[in-house]
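Across the two complexes that follow, chain A remains constant while its partner is chain B and subsequently chain C.
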Partner chain A sequence: MFASFDFDVIRRSLGYLFLDGMAFTLTLTALSALGGIIFGTLIALMRLSGFKVLGRIAGLYVDFMRSLPLVLVIFWFYFLVPYLGQWLTGASRPISVGAFTSALVTFIMFEAAYFSEIMRAGIQSISKGQPAAANALGMTYAQTMRYVVLPQAFRNMLPVLLTQTIVLFQDTSLVYVLSMPDFLGAASKVAQRDGRLVEMYLFAAVVYFTISCVASFGVRRLQARISIVR
Partner chain B sequence: MNYNWNWSIFFEPAPGGTGTYFDMLLSGLWLTIQTGIFAWIIALIFGSIVGVLRTLPSKTAYWIGFAWVEFFRNMPLLVQLFLWFFVLPELLPRSWGLWLKQMPNAPFYTAAIGVGLFMSARVAVQLAAGIASLPRGQKQAATALGLTTFQGYRYVLLPIAFRIIMPPLTSEFLNTIKNTAVAITIGLIELTGQARSMQEFSFQVFEAFTAATVMYLLINIVVVTGMRFLERSLAIPGYITGK
Partner chain C sequence: MIEINHVSKWYGSTFQALKDCTTKVAKGEVVVVCGPSGSGKSTLIKCVNALEPIQEGDIILDGIKVNDPKTDLPKLRARVGMVFQHFELFPHLKIIENLCLAQEKVLGRSHDEAMAKAAKLLDRVGLKVHANKYPAELSGGQQQRVAIARALAMDPIAMLFDEPTSALDPEMISEVLDVMVDLAREGMTMMVVTHEMGFARKVAHRVIFMDQGEIVEDALKDDFFGKPRSDRAQKFLSKILSH
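On to the complex of A and B.
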């Protein structure tokens, strides 16, 4: 069944697949994870702050995002971001935003909901004595969070944050619905140009599988090391 | 915002002559529910088998379960759907491949099976964790009573394990329904797909997506309420969730 396979189509397009496609995917993953974790931490802090209204807003945002399919959210932001940009910059008409920016905003806003739940669990896992001690030392709320609570929460949650980042890496393939040139998009373009769907999709599957497997193996090793330290 | 809102668009006839735009979205909603339930049944069946395999003493069974979970968890769902939809018919013998390609409703079956198998890996992990969380005495008591391994799982371990993992299973069910939206890429016109085509026909982007969003929120509310009711009626008194 592999007799009619044309492995050369993969070799010929390697440069395009990895230097363009995979670079797009990895940049999008890294920046979205970074932005998502920052936003997610802020949302978690809002939920855990004593202010009821702030907590409600953050909770509603998280529940709202988590009940929508990512594909729908990608479409939403694709059309919404130009208007948001117009509103933010005060321009007279919707501004045009590049595909990458639109995807980046989408993933940061969407993943922030998921990262915030992880950070919330991380902050709640810190024993009460820690912030109390910081308080006794005369630290302000910001200092307590910055120097005492968040560093420990990050450290405890690092494996979970990284696992979520692997999920995010797989989810970035959904920018396909906007025909963006991520790894899968690149593979699909070559596949359709050369009529080699089988080879290209199998190759894409193998690449995603290998990267995710290696990454989750690394996370498991890290987890083992961290749990010994504690 | 200089966007022309037009909420009455839902009552205008949609191209295609099958009714209004609202009817179009409703048919998408119905397809989303159908695909989601079909996929969930597949996920539950395969997830249960694989989850049990991961807890059996046999090394072979454990490895089969491990391989299944890693295979379906380490590839994006979109890529998996492409494999089932575009690649599988080409790899099968010619006549089978032709039959697959000519099957009516191919996107529906591909989506249900593809999403179902993808989710089965998650169900398996949850179930294996649920079984592992049971006290060792349960299994030993089953053995002491003379139950076979199968009977032990059927009458002792699984009934309790499934009740313990009800809350995570609820969110996996919701994930299954949400994940059916990925099938838009293989031509399944479910809720997100219908919202997208409504946007293309009518240019009322935000109305279309708002309606789809509200419908997804409704699905969530219905499922969460229903599952909470089910959880309460299935809770074992005096045990874990039974309060």
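On to the complex of A and C.
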């Protein structure tokens, strides 16, 4: 049944698919995860702070982001960010930020909502005696968080954070709505150009599946190692 | 050194954990606080370095009012050592790093200076060989000795002990108490919440007995063990000394 298929199209486009497409996807994933974890940690700290107003704002933000489909947020942000930039800088025209920056900001903001919940659970998993001991040694709130609570929370939550990053890796394919050259976008372009839809989409599926699967396996092994150490 | 004047504390709006507590610990004095569980002794000691807030009264530490909103609490706490029931070593740091962290980040000591101090104190509590292990690799008694060394590394003017031996297996209690006895004999100002009456007999100057959030008895050691004035203290003593 594969007789009429031309799988050579994959070989011919490998360079473009991986050196351009996959490189873009991995860059976007890594930067989004990094930004999302940093921003998400700040949101988690806001939620757990004693200040009710801060906690409320952070809570609303998380609920808001989690109640919207990611595609919509990507789309919405792409058109909104230039105007936001104009408003912030007082420029006379909407500021063009480029599709990549827009997508990156979107993913960071969106994923921060999910990462913040993970970090919140991680921070709450640390017994209250730990910050008390740090305080008793004279550490400030910031020092207590930075040197005592967050390193432990981050370590405890590392497997979950990585699993969420694997989901993020798959979600980055949604930038196709902005016609960006990520891996799926690149595969799609080749597919359209050469009229080889089945071959290319099949190949894209296999690649996403393989990478995610291997990564998940790695996370499970890491989890096993961490739980032995503790 | 430590003055506690008419301190009251509530959890929520209904439960009163401390009722009008007044006492003090002079420089070089060792005061043992005992009493049944839930009597507020741990709460009281946590109020001394403001780990727990108080609603009424004053606590004055070395001339500085602890419950004054203007007090720089981190700075004040850095000068008072505290040892917890569950050790609370930082599990992600090696023993030596546990001792260095606050020295460097809070007191601003250089790494070499902090390491030298840490090594000296680990040697003192007999754990120098474990410097590069993680807390989870040590026994409870060893961890608590590290916790004492960690507090001492800050050169505290006084030490607070919150049931330091309650979470330990019986055979490990004495190794921790030995360190504390040495400290007391060196003239360290100490406030110790404990049930170890042997320790109290050996080194305490005064014993405070608490029950239901009140300081029921605050007496010199010999008076306390010789003839406790209150019924409640007598009952408590007979219970814990009978075996």
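One rule holds for everything that comes next: the second predicted complex is superposed on the first by the 230 of 230 C-alpha atoms of A that agree within 3 Å, B and C clash if a C-alpha of one lies under 4 Å from a C-alpha of the other, contacts with A are read in each partner's own complex, and residues count from 1 in each chain.
Here is the rule we use: contacts are C-beta pairs under 8 Å (C-beta built on N, C-alpha and C of every residue); 3 or more make two chains touch, one makes a residue touch a chain.
Model, not experiment: these values are computed from the prediction.
*Asks:* Evaluate whether chain B and chain C can sit on chain A together after superposition, giving fit or clash.
*Replies:* Aligned through their shared chain, the two binders fit side by side on chain A.
*Asks:* May I ask you to decide whether A:S67 touches chain B, chain C, both, or neither, giving the answer as first, second, both or neither?
*Replies:* Only chain B; A:S67 stays clear of chain C.
*Asks:* Using only C-alpha centres after the superposition, what angle do chain B and chain C make about chain A, to the nearest 10 degrees?
*Replies:* One gets 110 degrees for this angle.
*Asks:* Could you tell me if A:T163 is touching chain B, chain C, both of them or neither one (first, second, both, neither)?
*Replies:* After superposing on A, A:T163 lies clear of both chain B and chain C.
*Asks:* Considering only the touch criterion stated at the top, classify A:Y147 as touching first (chain B), second (chain C), both, or neither.
*Replies:* The second partner, chain C, only.
*Asks:* Just chain B (first), just chain C (second), both, or neither: which does A:F75 touch?
*Replies:* A:F75 contacts chain B only, not chain C.
*Asks:* Mind working out whether A:S173 is in touch with chain B, chain C, both or neither, as first, second, both or neither?
*Replies:* Touch status of A:S173: first partner only.
*Asks:* Touching A:Q223 in the superposition: chain B (first), chain C (second), both, neither?
*Replies:* Neither: A:Q223 stays clear of chain B and chain C.
*Asks:* Considering only the touch criterion stated at the top, classify A:T27 as touching first (chain B), second (chain C), both, or neither.
*Replies:* It touches nothing on chain B or chain C.
*Asks:* Given the superposition on chain A, which partner contacts more residues in chain A: chain B or chain C?
*Replies:* Touching more of chain A: B.
*Asks:* Please state the minimum Cα-Cα separation between chain B and chain C in the superposed model, rounded to the nearest whole Å.
*Replies:* Between chain B and chain C, the minimum C-alpha distance equals 23 Å.
*Asks:* For chain C, which residues are in contact with chain A within the complex?
*Replies:* Touching chain A: residues 46, 49, 51, 73-82, 84, 86, 88-92, 101-102, 105-107, 136, 150-151, 154 of chain C.
*Asks:* Considering only the defined contacts, which chain B positions touch chain A in the complex?
*Replies:* Residues 1-3, 70-71, 73-80, 82-83, 86-87, 90-91, 174, 178-182, 184-185, 192, 195-196, 199, 205-206, 209, 212-213, 216-217, 220.
*Asks:* Inside the complex, what are the residues of chain A that reach chain C?
*Replies:* 127, 129-130, 132-140, 143, 147-148, 151-152, 155, 230
*Asks:* If you look only at chain A, which of its residues touch chain B in the complex?
*Replies:* Of all residues in chain A, those touching chain B are 1, 64, 67-72, 75-76, 79-80, 83, 86-87, 93-94, 170-171, 173-174, 176-177, 184, 197-198, 201-202, 204-205, 208-209, 212-213, 216.
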